[in-house]
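A short write-up of the structure that comes next.
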Amino acid sequence: MKFRIYRALARAVVLESIRRKDLWVVAILGFLILLASGALGFFGVQGLQLFAKDLAASVLSLFSAVVAVLTSCRLLPEEIKQRTLYPLLARPISRLDLLIGKLLGAVIVTWIAFLMLCALTAVALTTFHVQFEPIMIQYIIIKMMGLVVLCALSLTFSAYMTPQAAATMSIILAFGSGVIVRGLIMAYNGVGPATQWIYKLIAAALPQLGVFDLGGRAANIGWSPVSGAVVLQLFLYMATYTGAMVLIAWAKFRRQAV
Amino acid sequence: MANVPLVVGFACSLALAAGWNATNLRTVIDPPHPVAGLDVNDTSASASLLGQFRTNTSSWLWLRTDLYLHNGVELRPLTNSEKRAGMQGVGTSEKDLSKALNEDSVVTSIPSPHRDFRGWFGDLDRATAPYKAMKNHSHNNPEQAIPLFRLMTWIDPNFIEGWTVGSTVIARDRSNNGTEKAIQFLNEGLKQNPESISILNELAFTYITRKKDLHTAVQYLELSRVSAVKYRGTLRDDEKEEATQVYRWLGLCYRDLGEREKMIQAVQEGRSMFPDDAVLAILADQPPRILTDKGQAAWEKLRTDAAKGKTAQTEADAHNLN
Amino acid sequence: MPMINTGMDAAIQVTDLRVRYRTKKGSWQEAVKGLSFQVARGEVVGFLGPNGAGKSSTLKALMGFVQPSGGEAKVFGLEAGSLEAKSRMGYLPEVALYYPYLTPLETLRLYGELEGLKGKALQTEAETLLETVGLKAAMKKQNRSLSKGMLQRVGIAQSLLGNPELLVLDEVTSGLDPVGRKELRTILKDRQSKGATLFFSSHELSEVDMLCDRILLIHEGKLVEEREMHDLKDELRKYVLTYAGQNPDALLGQGWTVAQGQTFSKRFTTKAQLMAALEKVQAAGGTLVDVVAEEGSLEDYFIETVRRAA
């Protein structure tokens, strides 16, 4: 029964997104990738495979994060603003169900966009004679897990702030949390025990989106796919963090006057 | 939402396209006489946003190239507090190779388990990122990066380090073919940066060390000397070092070519510009123990002739006095 | 004001309800201030009040969209806003906006699935409802291409999904043309005849007049009037008695006007007064010319009541 609710809500999000031509933007971005790769190909591809793979991973990471954030951030505020929330909430569904269904929709839209970009990037990479490697499939799967976390993060921010502020915060954390954690690591030994605990808390609370990006391993030479145990741990982390984010969003949304 | 990424994407692609085509704009927006070496980039960047984009792209490529050479393992410098705490860098933890590559003061950005306070998150980070413990640190063959040097100099033809370091990497192929390719690459760079001291020096150095062609080397060094004199008032520290090299090598080349007057003139000019340079001081005073036997012999002959001349002069003076 | 005891099970039971909102400046503003009323099963109750009186806030509290700051609201004895309560309700929001890129059919399918309907039964019900509200031709056009009135019809159709026992309708006739209003009345009366309870707010007093069993009138968050509709109609109705005969002043008292020659008229506010006057006229030998019942203006009543409350 619950799954039926989530599926219905998610389908509406996806249909809206497709018909609003959001994914056209992705197609345009993908076209730019092809164009850029064509330009590089014109320059000469011999020996650029490593760079092409690295660039592809970076571009995929950037574009998919933007799609995830922009799709997720506006779902809830837009429902409230356009008052489409009323007929939804008038149904026998809880607000938590609504959040989960919306998140699922955002995740599916993001996944579609990501897979479209992957397909276009794959075409671009073939012009560079990049060979297929199993780690590329693992890269895609694990990246999709990371996008779930990012969608949940953005949705949660949007429950507490304006869509613009939520998008800004999400983008900052999407691309900055790794930098912040690296900074904490560098500063850790120079601070007192109390501050070290604060550092630990900050590092644990920040979304570890970097661990879902195997781009570095996929692009460079000779790195093997990660083990099944690591994939399982990543899945658990994704589930836990996403669950926590949804609960935090629900804490605000469940009694919010609409 | 539909419009935002569209606009951003369009703007980026426009900037990208414009940046790549900005070479044509340079004659319009650059100062009439591009300054030597790295200043070219700075001047261009201040003059042109498109140039800035292009410069940033090639700088990014430069950083990525460094990363590729470490096979994706990200390194960072040790902080002062880490140095004080006695932490060792990559190079000191490995036997020979890393020391040669001068990585004593860097560590992996993702810390090793014993230095990482993050526990499970750190383990995940190490498992998913291209991470190797310091003791396993290694380097990829730099020749893999040659296309990247070509790419970064294509994107930003004024990226001097791209030309010079790129040629060094190309010249790792020690065959004639490798040398010719390195020279060809540098000449492409010279066409874009005709007054670059660094590129001219690198060309000269290649002719000296690989082709033993001191005549051609001197031609490039003389051009470099012109740049050094022309921009002597505006050279940065690193460029001053390059300019110093011009006079050192000119001195050595002229010495080995047996052109004493030119050697003295070059060394004296160098000393007037860089009076504290120890190498130039030595060159002015005694024969360096480098280069060829022929050079050594030529120097000895010069010294002997000078000594003879001095003795003759002394004898004549004494005679006159008497 | 005492509550009318309908003598039936309550579909809606509101007791001392209070709803407040935080203003942009951070202070609290009370929209509903201790409202109490009851709606019996099968009743059609109009919820009236001027703009800002607290009608929508009360309806939102009934749907669980806002949490009461005091008191309670129950639907079929269940906490308002609970899943069980909502599964027995249909709701039409004041401003009907639906996903612009979905079609009315997809919109109804979405809400139907959330209602627990599925498969062919859902498809059939959605199509039937859209046909009922006059959107057969537009059921596959995207909502963004529909007019305001058509969107209101989509809203009405979605509120009827799952055959709810209680319909809560906020500004039900908003955006509808006269034909649409008539069709809506037919639909709602049909639902009522099948046992549904209707609770709706409206500014269209004529609709209230034609549909309601009872009205609740609120002002500034408080209930100021609660009336059975037929009592109110009786109360508002005026009777004009016209007779021919002698000058009434001496016989029948003051207030008569000369209609024409020896014909006199007077307006009575109650039926009892009319009957008494009629007896007197007959006793005095007057000839009855005409008795006209004038329906009173609900609008005047509304304005007067609000004015009094203010």
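For reference, chains read A, B and C in written order, and residue numbers begin at 1 within each chain.
Here, contacts are C-beta pairs under 8 Å (C-beta built on N, C-alpha and C of every residue); 3 or more make two chains touch, one makes a residue touch a chain.
Bear in mind that the values here come from a model prediction, so they are computed numbers and not experimental data.
Relative to subunit B, the most remote chain by averaged C-alpha coordinates is C. Top contact pair of chains, counted by C-beta pairs, is A-B. We define each chain's centre as the mean of its Cα atoms; on that basis subunit B and subunit C are separated by 86 Å. Annotation: 49 Å between the Cα-based centres of subunit A and subunit C.
As a whole-number value, the distance joining the C-alpha centres of subunit A and subunit B reads 41 Å. Residue positions of subunit A with contacts to 2 or more other chains are 20. Residues 21, 60, 63-67, 83-84, 86-87, 89-91, 93, 95, 97-102, 106, 109-111, 113-116, 118, 142, 155, 158-159 of subunit C are the ones touching subunit A in the complex. Looking at the complex, you find that subunit A touches subunit C at residues 1, 4-5, 7-9, 11-12, 15-16, 19-20, 82-84, 86-94, 255, 257-258. Subunit A meets subunit B in the complex at residues 20-22, 24-25, 28-29, 32, 35-36, 39-40, 43-44, 46-48, 50-51, 54, 63, 66-67, 70-71, 74, 142, 181-182, 185-186, 188-190, 196, 199-200, 203-204, 208, 210-214, 216-217, 219-223, 226-227, 230, 233-234, 237.
Residue ranges on subunit B touching subunit A, taken from their complex, read 1-2, 4-6, 8-9, 12-13, 16, 20, 61, 64, 68, 71-72, 74, 76, 79, 81-82, 85, 109, 111, 115-118, 120-121, 124-125, 127-130, 140, 144, 146-148, 150-151, 154.
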